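What follows is a structure written as structure tokens; I'll ask about it next.
For reference, chains read A, B and C in written order, and residue numbers begin at 1 within each chain.
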Amino acid sequence: MPVENPSRELILERIRAGLRTPVAPHPGPRSDAVIFEPIRNPLERFQQESTANLMECTLTSDLAGAALQLGKILDSLPAGEIFLQDDPSLRRLIELTKTQRPLRWSSEGAPREASEATVSLAEALIAQTGSVLVTAECGGRGASIVAPCHIVYAHAAQLVPDLETALGNLFRSGKLVRNSFACVISGSSRTADIEKILVQGAHGPRRLAVILQTGR
Amino acid sequence: MPRKVTLFVPCYVDQLLPEVAADTVRVLRRIGCEVEFPENQTCCGQPAFNTGYWNDARPCAERFVRVFGGAEVVVCPSGSCTTMVRTFYPELLSSSPLRDDAIELGRHTFELSEFLVKIAGVTELGATFPHTVTYHASCHGLRELKLRDEPLELLRKVKGLKLLELSRSEECCGFGGTFATKFADISVAMGNSKAECVAATGAEFVTAIDSSCLLHLEGVLRKRGKAAKTIHLAGILAQEKP
Amino acid sequence: MSETSAQEFLRKAAVKSADLVHRDIIRQGIESYDAAHLRGRLRFRDWDAARQKCREIKQEAINHLDKYLLQFEEKVRARGGHVFWAANAQEACQYVTDIARRLGVRTVVKSKSMVTEEIHLSPALEKLDIKVWETDLGEFIVQLRNEPPYHIVTPAMHLNRAQIADLFHEKLGERIPGNDPTKLVALARRRLRQSFFSAEMGISGANFIVADSGVIAISTNEGNGRLCTSVPRIHVVVTGIEKVLPRLEDLAVFWPVLATSGTGQAITTYSTLIGGPRQAGEADGPDEFHVVLVDNGRSRLLADAEQREVLHCIRCGACLNTCPVYRSVGGHTYGTTYQGPIGSVLTPHLAGLRQYQHLSYASSLCGACTSVCPVKIDLHHHLLHNRRNAVNSRGSKLGERMMFRLWRSTMLHPRIFVFLSSAGRRLLRLLYRMGLAGSIVDPMRAWNRYRSPVPLPAESFRSRWRKGLAG
């Protein structure tokens, strides 16, 4: 529904008029200086950083190991529905866990508020900050925020060294043109709004577990 | 090392704290400088500039540039007044015919510790001061002139002096020129905060490169009945064996 | 006569700066921030290069602001989102309330946004009987107290856990034993969760607007920003026009820099990008997506080339944390949406120099703010510029103007300077001997009232010089 917006032209005109007086560049060091230490061992760095971010990161060599790990996590959770990104790899994985829990797939819609856990894939893992990059394709927006536990199944080949690479890939892949949402997740939900004391599990997941498969 | 040094004495130091300027002269002479003092100097213009009265500050700045214009090296026992000349004159006089002279003057104007360490290359001044001392980093010296280590280097070389580290030494003491009177409550709260840090060191003296900070701090300390005394860096460096 | 902003500031500043309980709470909070911030900076190989890079990117963004905003708009529209340009607070609020009315919104969940505070959006919605929930924990706390945020990043920094526990007991009817922060957070989570899932509209700000991708970026730790933008049927973004970054990749430096400066974290937990409503094939997301681009004085600031860089601000709060004045008087004393050094620089541009010039004077010009600013805004020098502008627009008091005129005449004539100074010293010595230092007749009262009197030597330096020191 189009809305009349006369201020649009007005604001643009004001901006253009203001910019007619240029400002000199700020003196300072050259901006092509190296800002971050280069990442030598992405896997090691990811493990360090994700631990520092209070994530659980488990390495596993194959699909069976991943299923075992997923099963363990699910067993530790209270009874209730699990929401999963509808992807063949996750269908295979959950089948291997032989879980009896009710499952809801992203193809059926958003996760229910009472979901006990959400399981999704990632677009990439970022070593520099120990982060998981997801987009709407990873089961939607709620898949990484609604439940008290978010489980990510990822492959070591998805590791990128830093944010710059991750964002560059995301841009070039065109995924942001198709997706309305992406998020770099670096740990569990938290707050320090009370006396700067860190409390986990504010509004989002208290637990973020990454099952990282290193082999095929 | 420059032989001839022209002394710039901040107006309030001239009138209220003459000993600081006299000590500066002693220190400069001890390292072999010939000291000149242009008697027609007044104020660099900072009080008006900082309060927003640039049109009143400008003629004073222009006058200052004329008075000190021929000097080879200007030395000032104040980081704040040196900042006025070096950092703010180019902006204040940006459309003055004296702009280029002001920029040139700024390049040759130095705060005392800066001059001693960076220009004269001297840190050992043969001073003796058998007391415990803590150092407050005055803001203009620290952040405008980037003088972090120079005063400390000089203090470390003083015989008998025990330097005690001040916690939050880079936090402002609360002076701030007209701020000290316009917002006295805040200024004094900041001063009290600083006074507590000074007291916590247990030092007999607190020193700085700016008398304005020390004047404020002394006022706050004495009002609180605190033991530490204030002394300008020049006052310590000027002390020889009794 | 009602109190002016300046009088109110002075009154509150006097109370707060003498309030030692307040001072201890703030000091404790900021000391833990300081330690984290310091550690955070060490994660960069070259922190200063990061600041310089951010500065250059923001300068490029602002220098082509029209182009980048249009690029952003085009991409959002391509995903079916709406972009509305609001010249002022009234237009912005009107647009949002119109949507709420049209779609019968009863409940709104909000994630933290300083721009919505600036334009007073919540009161505008509440007038329509819409329930507005602040969902950031700190914002939720100050909302329950009917207070504005105390700090742009940590809105409830002025409260300790006991005060928060009492507040929750009073307003939410539940007593948390031992004032345990974990349980306090859990209580807020339970309360707000109902709101997230019943609200029809979510309102968020934007930390950045990314032009080349047509997305907004929101950084939150709690995840409330995620829920506000995922669950309700409508998502409205309210943000300032200056928040633009040219490229998605720019976030690779801005995200870490913002997190480091804001809280000392390496990166904020949820660094989210949103570019539209739910797309075909997506599992969830709002049906409607609106971005309100708020000018409200920003284009006026942009026209001031000297202070244009103030638009580079990323609202990290570092300048507040480091500011000794903020530490002394606290956030509420300012009486402005944006507090601390950035607030003192910015507010006169957004809300009027005449009314807010006093904030530019309420600074010792120590420059701590400038030294920490992650986009290298020359904050304390802009306070000087504001002071100059205030004086030049005849905003200063007549008495002060006359005093500086007199001062100037004195300083231009060394003889008058010497004569007046020495006469003044003599007069003051007389007064002080009579015990009148700091009294109403003391011309130095403003100084001496609060401090022991200034020294008054018998002789000036220049007189000693003449008498022999010259050698």
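In this section, a residue touches a chain if its C-beta (ideal position, glycine included) is under 8 Å from a C-beta of that chain, and two chains touch if they have at least 3 such contacts.
The structure presented is a predicted model; accordingly, all values stated were derived computationally and were not measured.
Centroid analysis (C-alpha atoms only) places A farthest from subunit B. Of all chain pairs, the one linked by the most C-beta contacts is A-C.
Inter-chain spacing, taken between the CA centroids of subunit B and subunit C, is 32 Å.
Separation between the centroids of subunit A and subunit C, computed from CA atoms only, is 30 Å. Remark: subunit A and subunit B have CA centroids separated by 53 Å (rounded to whole angstrom).
Across the complex, subunit C is touched by residues 9, 11, 13-19, 21-22, 25, 29, 37, 39-43, 45, 47-57, 59-60, 63, 139-140, 143-144, 170-172, 174-191, 193, 215-216, 218-220, 222-223 of subunit B. Taken together, the subunit C residues at the contact with subunit B in this complex read 10, 13-14, 17-18, 23, 324-325, 327-329, 361-368, 370-371, 384, 387-392, 396, 400-401, 404-405, 407-408, 410-414, 417, 421-422, 425, 446-457, 459-462, 464-466, 469-471.
Those residues of subunit A that touch subunit C in the shared complex are 3, 5, 7-8, 10-12, 14-19, 21-23, 25-26, 28-31, 33-37, 49, 52-53, 106-107, 109-111, 113, 129-131, 136, 139-146, 162-164, 166-168, 170-171, 176-197, 199, 201-205. Of all the residues in subunit C, the ones that touch subunit A in their complex are 28-29, 32-33, 43-46, 48-50, 52-53, 55-56, 59, 63-66, 69-70, 75, 78-79, 82, 84-87, 91, 95, 98, 135-138, 141, 154-157, 159-161, 164, 181-182, 184-186, 188-189, 192-193, 196-197, 212-215, 221-224, 226-227, 229-231, 241, 247-249, 251-253, 255-256, 263, 266-279, 282-285, 289, 293, 295, 299-300, 302-303, 305, 308-309, 376.
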